[in-house]
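There are structures below to look over.
The same chain A turns up in both complexes below, where it pairs with chain B and then with chain C.
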Partner chain A sequence: MPTKMRRSLLGYLPVDSPIFGLHPMTRLLFLLIVSAYPMIVRLPELNVAGSIFMLALFKVSKVDLRVIKNYKMAFVNLFFVIAIAYTFFGGYNPDYRVLIELGPVKVCWENLRWAMVVYIQLIFAILIMIFFLSTMRERDIVVGLRALKVPFVLAYMAGLALRSIGLSIIDFNTIREAEKARALDLQALPFSEKVKKFGMYIVPLVALAIRRSDEVSNALDSRGFRFTGLKSGKRTDYILSKYRMTKLDYLVLAGMGVFLVGIVLVSIYTDWLALESSLLYRI
Partner chain B sequence: MAKTVWDKEPGEIRKPGTIHIAIMALLIGVGAVAGTFGSLSVPLGYGVTGFWPGVAVQAVGGIWFGMWGVIAGFLFPFISNSLAGAPLYVSFAYLPSNLIQGLLPAWAFRYFKADPSLKSGRDWILFLVFGVIVNNILGAAWAVTALQWFGLITVESVPLFFSGWTIGNGVPALIFGAILLKALSPLVVKHRSFVKGWWA
Partner chain C sequence: MAEPVIRVEGLKWKYEGSRDWVLKGVDLEIHQGEFVSIVGPNDSGKTTLAMSLNGLVPNNYPGAMQGRVVVDGMDTREHSVAEIAESVGFVFPDPESQFLSMTVEEEVVFALENRGLPREEIEERMWWALELTNIPEDYLEKPPYELSGGEKQRVAIASVLAMRPKIIVLDEPTSMLDPIGKTEVIEVLTEMKRRYNATVIVIEHRLEDIAPLADKMVLVYHGTIPKVAPPREFFQDIDFLLEHDVFPPDVMVLANELRKRGLYDGPVPMTVDEAERMVREVLGRR
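Here is the complex of A and B:
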């Protein structure tokens, strides 16, 4: 029997994924808190451990790992950009150890090491983002925001905006299909031509959005919505009532919080997480 | 002085309403799709791209829909950058850049009462200066400062990322921004979502 799946922002996730056992607010806070780790800690060993932890989390949450493959080009590209930015534009100091000299450019170990540190740090940060997008639905984000007591109008706008991305993608594909039906092969076109053709997408996309704004606005008005600014007053939230914070949520939140405070304190008061403690700096 | 699209009719009362919430949300959708297309096509890293059509939505959104367009313009890159694989806090760091890229043309068109349909040479010049050049230079300046502050790029590589951002945003802002303004402004200024002031 085929597994029942739920649509997430980046793909599909089995309904029996353990990640659905967590409250959407916990998952939203996961992004905000855990994303701070690689920004605070540069130590590559810790960021590698973080990346491995994220991959394990993908596995435990039953996220199809093929979703990471979609970012293969982004990872490769990032690698080249960082490598070029740091080796060719990394600067030179007489203390640096020169590995190769390419004309006036000196490729130094210190620059290359820094490129590796940054790349490893970004891999961890990107994996966190991919995990979030793979496990969250539009509804989860809205519920998460409402649970965090974000004003109703902001949470509602966030939901509407996320929904409108889906609508715009549908419109975008409709326009592409119409072009294909007229025998336009985009794949075969050079980049300059693709750019020109993009003008044909963006005008109908915006025009459709403007037309749809009337429909959405009328729907909001007919449901008695009023623009009251950020003041929302007391309101019953039906969807929110369907979710409960469990002991697991509190445990996960506490764990993330304690770890965040821990690495901040350790970074401030010790040099254990300093780059100089890394194996890369002993080579 | 000749009447412009920004002047209110006698007795006209303008208030923000649900139409503005709707247009803002829908602009976020369109911008995210346009932005993701660019970020995935010529990425330079950290969400900086050699060709980013989303900037056209920022400039045009600000001009047509005032602060609603500006807010949409600084929120949708957050989504499109995330979808393209930029880390969360790098996307946060770009918020001021994305704000200025929509805010500056919105201010210039209102302050100088330029026609969004780009009917005269003056309208074109204002669009070029504030919607293509200055806004993107300021946006790029902030973005590379933020990247450097995060320690993600070196001082020496600042020109590479600065020029990548400025050109990668400037060219699509010019091409798609002009196309959008010329094609849709006559329709938008008659639509109830059009914002003559900042909020309504």
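Here is the complex of A and C:
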């Protein structure tokens, strides 16, 4: 029997994924709390451990790991951008160890090391974001924000913004197919022509986006939606009432919170998380 | 006779930037519980008339208006669309353009949440609307965007039905659907007619499907209403309809031809069964 799937913002997830056992608010706070870890911690070893932990979470949550493969080129590009930025524009100090000299540019080990530190931090952060988008639906985000007492208008706008990205991608593909059917294929053109002709995509895309927003506004009015600013008025949170916080939610939240406070305290009061403790700094 | 639930008096409407009036002094009365079908050629003003019934015209579109539209006691110029939505549900032609949520369940309860109804009532209305539109329970968690055309429009109708409005306006609900989707929506309209005593106003081109359901047919032509009549009377003068770019179902055209040749003088057949009886009667005479 085929596994029942549930649409997430970035793909599909089996209905029996353990992640659905958690309240949407917990999953939303996961993004907010856990993505603070790589921002606080620079130690590459800890960020590598964090990335491995995230991959394990992907597996446990039954997220199709192919979703990460879709971003492999982004990972590669990101590495080159960071490496180029730090090695060519990272500055030079006479104490630095020069690895290669390319004309006036000195490629130094210290700059390359910084590039690696930042890259590993970003990998951890990106994996957190991919996990979040792979396991959350627009509904979960709205419910999570409403559970955090965020006004309905803001929560709904956040959901609508996320959905509009998806709709714009669909519109863009439709326009691209239509342009191809009329013998305009940008992929086959040189870069300068691509730039010149890009308007052929952008103009209808913007026109469609304006039309869609007009339609959504009419539909909202027709369903009795009254804009009450940040006050929710008499609105019932029916969907929110279908979710309950469980012991597991409190446990996960407590765990994430304690870990966050822990690394903040350790980074303030000890040098265990300092870059000097890293193997990279002993080379 | 009871006070009409919709009264359109001398309605003229012109969109901003347009030279011509789209509606040129329209008068129309619709009573509670009537099933009304609005027909007419493209660009005749049907959609504008429909949008004037829930206040989208003039509230959401800039333009010039003369005359007035009173819906369930509310003058559309004095009440917002959201206020009028308490009485009028509106189904748009493109099902995707009216979706406001990413799951069927959220979509159906959205308007009920807006009204601040108790949770138990929301739940009860949701199941009622889903049952009436034949949407299975396992669709609740699905994104409406991923359903078939007919299913999408059924979800859109369920979302409006859940509001239990006195009046439901459906603007060409089958125009963007494949034949199966069209049939599904017509089946839902049939169920609505049978089980839900609301005033239903449908703009529809599939006359053969909608005529048997309608209590009243309204012809809109170049911004005017040249004919309002019950279906049998409406289709009595086929030549008049053809002159106004309305193409009646083949069985009615056949009845018209037989009548012209003096072979048939009975009522206009509205269904295939009635047409079969008509043909048997004609063949029996010969």
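We take it that the second predicted complex is superposed on the first by the 278 of 283 C-alpha atoms of A that agree within 3 Å, B and C clash if a C-alpha of one lies under 4 Å from a C-alpha of the other, contacts with A are read in each partner's own complex, and residues count from 1 in each chain.
In this section, a contact is a pair of C-beta atoms (placed from the backbone, for glycine too) under 8 Å apart; a residue touches a chain by one contact, two chains touch by 3 or more.
From a predicted model like this one, the values you see are computed outputs, not experimental measurements.
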- Message: Quick one: is A:Met157 in contact with chain B, with chain C, with both, or with neither? Answer first, second, both or neither.
- Response: first
- Item | Touched partner set for A:Ile126, first chain B, second chain C, both or neither | first
- Name the contact category of A:Arg139: first (chain B only), second (chain C only), both, or neither. second
- Task: Using the superposition described at the top, determine whether chain B or chain C touches more residues of chain A.
- Result: B
- Message: Taking the superposition on A as described, I'd like to know which of chain B and chain C A:Ser217 touches: first, second, both or neither.
- Response: both
- Query: Can A:Arg6 be said to touch chain B (first), chain C (second), both, or neither?
  - Reply: second
- Task: Could you tell me if A:Leu260 is touching chain B, chain C, both of them or neither one (first, second, both, neither)?
- Result: neither
- Could you say whether A:Phe225 touches chain B, chain C, both of them, or neither, answering first, second, both or neither? both
- State which residues of chain A lie in both footprints, the one left by chain B and the one left by chain C. 163, 212, 216-217, 220-221, 225-226
- Going by the contact rule at the top, pick out the chain C residues touching chain A in the complex. 54, 56, 59-60, 80-82, 85-86, 89-90, 92, 94, 97-103, 105-106, 109-119, 122-123, 141-143, 146, 159, 163
- The answer for chain B against chain A in the complex is residues 16-30, 32-34, 37, 40-46, 51, 53, 56-57, 60, 72, 75-76, 79, 82-90, 150-157, 159-161, 172, 175-176, 179-180, 183-184, 187-188, 191-193
- In the complex, chain A residues that touch chain C: 6-7, 15, 137-139, 159, 163, 212, 215-226, 233-239, 241
- Query: What does chain A use to touch chain B in their complex?
  - Reply: 10, 31-32, 35-36, 38-39, 42, 71, 73-75, 77-78, 81-82, 85-86, 89-91, 111, 114, 118, 122, 125-126, 128-130, 133, 153, 156-157, 160-169, 172, 191, 194-195, 198-199, 201-203, 205-207, 209-210, 212-214, 216-217, 220-221, 225-227
